[in-house]
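Right, one structure below, let's go through it.
Residue numbering begins at 1 within each chain, and the chains themselves are lettered A, B, C and D in the order written.
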Amino acid sequence: MNDIEIDEVATPTLSEPVLIEGLPGVGHVGKLAAEHLLEEFDGELVRRVHSTAFPPQVNVDGDGVGELTCAEFHAVETDGTDLLVLTGDHQAGTNEGHYRLTSAFLDVAEEFGATRAFALGGVPTGELIEEYTVLGAVTDATLIEELEEADVEFRPDEPAGGIVGVSGLILGLGGRRGFEAACLMGETSGYLVDPKSARAVLETLESLLDFEVDYASLEDRAEEMEEVIGKIREMQEGPSVPDDELRYIG
Amino acid sequence: MNDIEIDEVATPTLSEPVLIEGLPGVGHVGKLAAEHLLEEFDGELVRRVHSTAFPPQVNVDGDGVGELTCAEFHAVETDGTDLLVLTGDHQAGTNEGHYRLTSAFLDVAEEFGATRAFALGGVPTGELIEEYTVLGAVTDATLIEELEEADVEFRPDEPAGGIVGVSGLILGLGGRRGFEAACLMGETSGYLVDPKSARAVLETLESLLDFEVDYASLEDRAEEMEEVIGKIREMQEGPSVPDDELRYIG
Amino acid sequence: MNDIEIDEVATPTLSEPVLIEGLPGVGHVGKLAAEHLLEEFDGELVRRVHSTAFPPQVNVDGDGVGELTCAEFHAVETDGTDLLVLTGDHQAGTNEGHYRLTSAFLDVAEEFGATRAFALGGVPTGELIEEYTVLGAVTDATLIEELEEADVEFRPDEPAGGIVGVSGLILGLGGRRGFEAACLMGETSGYLVDPKSARAVLETLESLLDFEVDYASLEDRAEEMEEVIGKIREMQEGPSVPDDELRYIG
Amino acid sequence: MNDIEIDEVATPTLSEPVLIEGLPGVGHVGKLAAEHLLEEFDGELVRRVHSTAFPPQVNVDGDGVGELTCAEFHAVETDGTDLLVLTGDHQAGTNEGHYRLTSAFLDVAEEFGATRAFALGGVPTGELIEEYTVLGAVTDATLIEELEEADVEFRPDEPAGGIVGVSGLILGLGGRRGFEAACLMGETSGYLVDPKSARAVLETLESLLDFEVDYASLEDRAEEMEEVIGKIREMQEGPSVPDDELRYIG
């Protein structure tokens, strides 16, 4: 097997598609967001990317059929911009693997004519979030104004630890190839899968790429997580006695 | 030394042999099962596969002779189907090593004319097992019916963490080459070497490949393990006083 | 992407430049020293070195623009010797990466005509330092006398654990290529970023390479660290009661 | 830099030299033994082997000169057999590195005409040793008799975990190339550097290769270690009151 093997599944013609990357990461924000796009817009699988940098693993589907771990590109036609959505279950296992994989991903994006890219992800804050800000980072300062108009925040030197993994390299390697690329990072606690942060990132993308998406299913997952968060809060604060009961005792 | 070196020990002609893989893994289920086949059917060593992905190690035999760690293929003629049994003491040490090794293993299987493969292993349940179910996963949904008739269970999206290591890749890479492959995973606690789970997997294989095997020696090992399990149960439950004794005290 | 990619940013003519390496390490002594030179002498960026051995990471600048992690060479013209200063945010992630990167760094240095090199770093003592000694190690015993005249100390077989990372290899690989190279290692506790140790190393370099540098900004950082150290000392010794107060109680 | 670089320092003609390997390992038994041979017989450095599989490190000598980490071959002429002694400060950092390095070591040994090899090492027993048995493992059962006559013990399937690292591969890869090779493993606690175990291994070698060596310097190191062991025993047993004192109390 070669280091990277790309299966050509379909090659529809897309009109100036924008690469949207959502691989696993902090709060699974990018992955949730990318998968929501595929679900809502009925994405068409166009490429599977296998790599020896991925874990040696098959994932078993609902029928019991195992498929070799891979990253997938789906073509998505929205009411606005065409998208090329990159998702998957894994990042690479080594530094070198990250570089080789991201290079392969950018090759595929170029093959479909993409020149713009958004890497979606989360940025950990360490505490439960009330308001979901989206932080940005770009390949070129000229891209900032447009993003700020879509309420993306730019904070000097943040995130402090840099942007790591495929999202970082979409910017780092993409920029070196001439892509206009941005990372959109939803604030998230970092402790939990965060559908609300994924929604915040998607709303930014809607505004930037001129499409509309329904959030009902993402809202359902958010409510499930809210219950989890509620229980965590309860455990932190101890059992609370409602005011009424206190009065009754009195 | 090359990344992979294959020693050709013998090349008997086999009739549509089926690849049986049993490398170390959860509960050593696959390894026990594969080694039991070799023991019962007097397998003939046909290939040794050395690799820089294995630990840098020799194993010392009963005479004091060290042999470089390797995986071995044995040709096994049963009363039913011919088998090509793959065993060894190690999995690869890196993601990339797993892919390269499994590719080499499939090359050997193809060389002997195999087009079907069973990867044997265990699936951890986290608790001591009463009834030994065998879970399945396949390269193609058309294989499921036959396996279900042999009492293999298919549960949607299980095992949840996917199938990792050479077993997973026999499915993942094998499927991509046109092998009809299945993983047969015996349920096992995951804490102990489990000869009973290995027997459950072998009984499935007997039914599928139309051969018969004696379990006396595997039963001996199972009894040894039962003693260990008995002691664990005792420790968990504390010393128990039989009813009779209680009455006597009364 | 290749293992190593070097961006040629500028190629000024330098007169017998001396390579100065200051990558991250113990107490960040080397990095602080090298960055102080760039700040004080307005270094000109001449090369960026990217590598798959670096973490897959972009660092976000004050504007929100992400740049792929790299090591950088700056040309620095002092009042004395010309310098080629190598800095960066990361060391390589593997043994092999360290060797490949250092080879590439030495290639660049040779391209600019450098034949001498100083690898700057810290040597951990395990305790807070009062007097900042600079330890030396060289590629050739003939270099020792000149360094001792600049107050560099040579202690047999020290540092005991050898010199690890790019600094060590500047000596090890550099020596094999004919570079006259020395490691200058400022003693430092090893627990804290240490601007005072960086200053000690730079003062040695001033004396050796006949330039003068202002330490005001480094002194500011040193004072910040002194406050931290003061707090640590306080915590170790417990609250102290001034003599006056005691008398007052009496 | 290439993966492996071999410096040719000298190429004396040796008469059927025997490769003796003593790299770091359990109790540093092999390394102590090999270095003692070099010390006593004034070995001549013939090859330095550098590798990207070694740590990126220079070791600083008594003058302050740093030398790139390497393994070294010395030619040793004893009163009996000629030896080619392999020592060094490090093993490789990866599985693959171990294989590549040992292949290179065997290349050098072949270049000097060696066809026999002894890999020296320790085998951990987990407790302090009274009598220093030397265990053996060989490439070929025909070698056992000669070794047993020199008091080497062969125990079926021991050491249980196999022989790992360069020593193991001298046997594993050496055997595949036609070397007559043996591992001589001195029993040692595994907790301490063990000059007594090294002596036991050397005495075996003396008898096998018909040379004589003085042990005064190794005895000195052994005495230092005895003091350490004495202190450990004391700490384990608590303060002991001599009989006399007890009587006095009575």
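Here, contacts are C-beta pairs under 8 Å (C-beta built on N, C-alpha and C of every residue); 3 or more make two chains touch, one makes a residue touch a chain.
Here's who's who by UniProt: A, B, C, D = Proteasome assembly chaperone family protein.
Owing to the predicted nature of the structure, the values given are computational and were not obtained by experimental measurement.
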item: Touching both subunit A and subunit B (chains); value: none
item: Relative to subunit D, chain with the most remote C-alpha centre; value: A
item: Rounded Å distance between subunit C and subunit D, as computed from the means of their C-alpha atoms; value: 38
item: Chain centre separation in whole Å, for subunit C relative to subunit A (CA means); value: 38
item: Whole-Å separation of chain centres (CA-atom averages), subunit A against subunit D; value: 54
item: Residue numbers of subunit A (touch at least two other chains); value: 94
item: Touch-based graph of the chains, sorted into line, ring, star, complete or other; value: ring
item: Chain pairs in mutual contact under the definition given at the outset; value: A-B, A-C, B-D, C-D
item: In the complex, subunit C residues that touch subunit D; value: 92, 94-96, 98-100, 102-103, 136-141, 144, 154-159, 162-166, 168-169, 171-173, 175-176, 183
item: Complex contact set, residues of subunit C against subunit A; value: 1, 3, 52-69, 93-94, 97
